[in-house]
Amino acid sequence: MSSEFGKILKVSVFGQSHGTAIGVVMDGLPAGEEIDLEELQRFLDRRRPGKSSLSTARKEGDVPEFLSGLENGRTCGAPLCAMIRNSDQRSGDYAGLADKPRPGHADYTAWVKWKGLADMRGGGHFSGRLTAPLCIAGGIAKQILARRGIYVGAHLDSVGTACDEHFPLCPTRELFEAVAAKPFPALSDNDGARMQDAILAAKDALDSVGGVIECAAIGVPAGLGDPMFDGVENRLAAALFGIPAVKGVEFGAGFSAAARRGSKNNDSFTIENGTISAGSNHAGGILGGITTGMPVTLRVAVKPTPSIGQPQKTVSLSAMEDTDLTIHGRHDPCIAHRAVPVVEAVTATVLLDLLLEGDHGTF
Amino acid sequence: MSSEFGKILKVSVFGQSHGTAIGVVMDGLPAGEEIDLEELQRFLDRRRPGKSSLSTARKEGDVPEFLSGLENGRTCGAPLCAMIRNSDQRSGDYAGLADKPRPGHADYTAWVKWKGLADMRGGGHFSGRLTAPLCIAGGIAKQILARRGIYVGAHLDSVGTACDEHFPLCPTRELFEAVAAKPFPALSDNDGARMQDAILAAKDALDSVGGVIECAAIGVPAGLGDPMFDGVENRLAAALFGIPAVKGVEFGAGFSAAARRGSKNNDSFTIENGTISAGSNHAGGILGGITTGMPVTLRVAVKPTPSIGQPQKTVSLSAMEDTDLTIHGRHDPCIAHRAVPVVEAVTATVLLDLLLEGDHGTF
Amino acid sequence: MSSEFGKILKVSVFGQSHGTAIGVVMDGLPAGEEIDLEELQRFLDRRRPGKSSLSTARKEGDVPEFLSGLENGRTCGAPLCAMIRNSDQRSGDYAGLADKPRPGHADYTAWVKWKGLADMRGGGHFSGRLTAPLCIAGGIAKQILARRGIYVGAHLDSVGTACDEHFPLCPTRELFEAVAAKPFPALSDNDGARMQDAILAAKDALDSVGGVIECAAIGVPAGLGDPMFDGVENRLAAALFGIPAVKGVEFGAGFSAAARRGSKNNDSFTIENGTISAGSNHAGGILGGITTGMPVTLRVAVKPTPSIGQPQKTVSLSAMEDTDLTIHGRHDPCIAHRAVPVVEAVTATVLLDLLLEGDHGTF
Amino acid sequence: MSSEFGKILKVSVFGQSHGTAIGVVMDGLPAGEEIDLEELQRFLDRRRPGKSSLSTARKEGDVPEFLSGLENGRTCGAPLCAMIRNSDQRSGDYAGLADKPRPGHADYTAWVKWKGLADMRGGGHFSGRLTAPLCIAGGIAKQILARRGIYVGAHLDSVGTACDEHFPLCPTRELFEAVAAKPFPALSDNDGARMQDAILAAKDALDSVGGVIECAAIGVPAGLGDPMFDGVENRLAAALFGIPAVKGVEFGAGFSAAARRGSKNNDSFTIENGTISAGSNHAGGILGGITTGMPVTLRVAVKPTPSIGQPQKTVSLSAMEDTDLTIHGRHDPCIAHRAVPVVEAVTATVLLDLLLEGDHGTF
């Protein structure tokens, strides 16, 4: 296992859904960075469940305790460890599931890998709950990046077949803040209402629904990243696929670029205010794995929550025979909207790592 | 820079398009594996240019010389190094481009990163030519995997808006071999003809076109990979984005899963011939980052070749002013069909790495 | 920074001497391993200070709390996080030191690196206190190894010029347990008494003294490790130099091999009880980076504690002028005897990592 | 296997003693660095065999061919690959050895690991011949470092019991160059003569002898490296143990520090010419894993060449019985003097990697 990513800034996540605590170690943070804990808490609250009928009723404060790395509100050069104690656990809800792997969850693959010895209560280490420590890391990274004029924002691009608008060519910090302040992370309120309807309709049908998240980072200097396997896309994708339920990642025009001709997909260079820019950004701010200076843009596909209220077909691992399963307990009919800050968090953490690594192109 | 990927099996790629040679080092291969050099050459020939009007006219033998790691046709435990000397270089074709970054290429980002000091003739280290060493690595990985009953195959899923059929739920080795033997890598010959038409139409318009590649691996045992950041998706995506021009990667249903409801996206488990299987494979054979035993399936978006014959707008780096650029020389109107074996190669290499790492779930 | 080591089993250490807590994350432990917490505590107690006049008077319970990875006394497949809250802090003892770097400590280099922004109270993240989490990791590794017949033991080989006996050619588990049970970790009680005298003499002189630790691992199977840069020596040395105050590492005959002739240094192979063995072990159980099956033996040089009661010459960083410094507070006149279990811990952790990686020589 | 080291600058070594070629890939070099090939060749010639009666009679030109990464005499941003074709192979010399592992060599451990499938002719990938590519990498690193005022030098500190002088507290570039220009790498010519006598005496006795190498780097800025497991000592040691026959590594006073008291071992800080310096350097220029700005000093123990002309006891792997072995062919009675430039090379490469990584202490 390696629940860790990063090169200069290494982020290591620990915890199980129903264990004592979850948390994160950030190794490689620069010293002297002030962390605004209230701003961090507001960021964490964006992914927190229990706020509305759109999410699981599980209530958790998600207030991190800092065990190391932070002194007098500033990073101090040592690895930062933050943890959140698990409080509202109802393991009983999951009793009896152990023998019947839930379709779409990691129950079966974990059973194969750990031969039934893993702690899979509530999804164990695979649980979406582990995105809370990712948001601690990402919330800290966002503050450090913002001090350098780099801002990361995201919104829910679609739920099922209901779509939001896309980010404009050059989104602004104000736009990021506006969507972050909304109770539902859509650019267009009308589209947001339709996406919420899609979630509630799935909930009413004892079902769930997936979604797509669009994320952008502005102010990223040109020249970060490397060709081939250490590029910005490689590193972002490797980290983003670590968010539970993510099944696709694309940059810039992504899959739609494959349907285009080159004359329409190439971003022409031009001089704008004395610097080199592009009139379009189908490259998503990345050419040859290296940032262009245009916004870094990406889209992430989140599958529908595997836990649904409808009976499903599965197998009994002990009897090795087909059986039925009905999952009780509390579930999110959609996790895509709650994953919006998580995508921001992971994107910000990877970009901070790239920024810390710097540009080794020349000495 | 790190033109390397892999954990137990490390694959390191070197070379520039117009340098002395390109090549690959594979560090971590098991000893005693017989490598059929004729079979390897047939695999390399699948990506080789100069075979038809669909590709660049650049002709290269692409016959690797093995410098180490292979003795008497078998791997010998030491790192394997193979190289291909560059022969048919026409650097003159690229003269004058240095000052005018080609839209869609890495010229501009390389100029920023290396301050004009990089060897960018023919794309330098960013060139699609570097996929030849990837295919050497992948061709070797494919032979080692095949000996363990694991087969990797791919086909061109779409070109522009022309689409091929998809792989069936459980593709076979024979199907993989059949499509590999075709001059154009489509499952359906009719669809293949339409896709070729799309390429030729783009060529006629002095333009280019993108495409999507579908890849599948069968025989992969359940239990490979790890949760969070060291999962099969993370590792495959990190490597696949190393193929030049790839802008999107999805597993299983991928982005289309985001449009679905959970009841339709979950793959129900069932007992089939005494083993646990699933009646659908929207998960692409991966749950929680770990293989399920179903085929591993993925799709890769390849952008249209940035080099087109039409005049394009760009800037003069020396004058810092807008200018026009017309690219002469030989270019592929589409690289997606040539990237089909490259996607197979990278997928096979990552799977071999995972297989060598084994299952550390329990001792 | 990277306060982490390991390949399959990654061990990440966090905390500062006077911060909230110190701890460790072990990522990659196999599931289902029973951890005897009482045995672990006995191991931790071996390095704990405050037990005698030989050590600092700082008293700490050093009882770890497990935040994740351990359920019902067994590893559960998820990363294991354990922490120890810091209780007996007296930061006041260190007031005023910030401007005067203590000779032999990392104060000056930390000041250069973090520009005075690091938390260096009590040595911060450089403190010997950070060896407590290393012992948690190593104590767990020792239990898992012991279950496979692999035992790791160490003793204090010398203090100043007072020397202990060396381990015999093939030490036994019983010998390891006997020395671990002693209040002072010497093989020979007479030599131990002389080494203790050397420590007390240094203490009386307001001074400190260094020492050498000999460590051995028995039951290690042949074939672990790799040539060149991923060998057993490389990986053990890289980790052992992470123990504060370690300035030298040697394997087998080590530096004394350099004074020998080949005919005396080569270990002849012979058949013993049907298996291949050697009549001597100058190689320290490692040839070409790979284990031979003989005991893995190594020696580690620990410098004298930099903190001494005598006045020392240093500089004022603010005034950039020479000055004097007298360090008050509690210090160990020798840390080498307390580092004995730490060397065992690090050695055991690296060997477990190698064992989990397994032997990829052939498939 | 991982025949690679480095973090930002990755160095990957390939080849077997009697294979087609040996070589190295350097991934992460900055662009635009001029490489003086004649100077590089002079450096390579320092380790080349066949120059005197002190070394093996095997003659090799050791002239590297650059396959990539070097254009018009300058690094070009792409991975640099250099290879040396093997010419003077006499595999016949090694015929029949396969069944009888040579004591002190990796024959037995390789046989266990690769089950007899490795190419072990002439030591295969374990051969000292693989230090030639290390010297290519290190020779390039030395040139890049020298341009930044950082110089690395080494000398033979002892052979058997014959000792050279040690480096002065602050060695100079001129001293490094003077010893590098000598046919035998001793600081004192008298001591050098005695060390050569020791080698010839061993040769006459059909035996071999070990030695110790002292290496120093001057001009290294303070603040490089990190605490715990990513420090300068960890990284240097991990790489230095990759040199065949190295069995011990120590920094500064090393093992002798363990025999000292703190008052004698601590290096007092003082102001010298306006900068902070130390009047002694028992720390070897490294405190807490981080460079102090004083010279980085280290010593490396090289065991006696395992190949000796005397008959030795070993086993027959096929018969599993004791037997005798007499090694014919050409061998070095001592490899320590030839390893002097190799230690310089590895040290320079690691320091360049650290320098490229830079100081991430603050942003």
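Each chain carries a letter (A, B, C and D) given by its place in the written order, and its residues are counted from 1.
The rule is short, and it goes like this: a contact is a pair of C-beta atoms (placed from the backbone, for glycine too) under 8 Å apart; a residue touches a chain by one contact, two chains touch by 3 or more.
For clarity, every value in this text was computed on a predicted model and none was experimentally measured.
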item: Contact-richer chain pair (by C-beta pairs counted) among C-D and A-D; value: C-D
item: Most remote chain, CA-based centroid, reference being chain B; value: C
item: Inter-chain centre distance, chain B versus chain D - centres from mean C-alpha coordinates, in Å; value: 38
item: Gap in Å, rounded to a whole number, between the CA centres of chain D and chain C; value: 26
item: Centre-of-Cα separation between chain D and chain A, whole angstrom; value: 45
item: Where chain B touches two or more other chains at once, by residue number; value: 1-4, 13, 28, 31-32, 77, 110, 113-115, 117-118, 125, 360-362
item: In the complex, chain A residues that touch chain C; value: 1-4, 10, 12-16, 19-23, 25, 27-28, 31-32, 65-69, 71, 74-81, 83, 110, 113-115, 117-119, 124-125
item: List of chain C residues in touch with chain D within their complex; value: 1-5, 13, 101, 103-106, 108-110, 112-115, 117-118, 125-126, 130, 158, 160-161, 202, 205, 207-212, 222-223, 226-231, 233-235, 237-239, 241-242, 244, 246-255, 257-263, 265-271, 274, 276, 278, 282-284, 286-293, 299, 301-308, 310, 312-315, 317, 320-322, 336, 359-362
item: In the complex, chain A residues that touch chain D; value: 7-8, 28, 30-33, 77, 144, 148, 356-358, 360-363
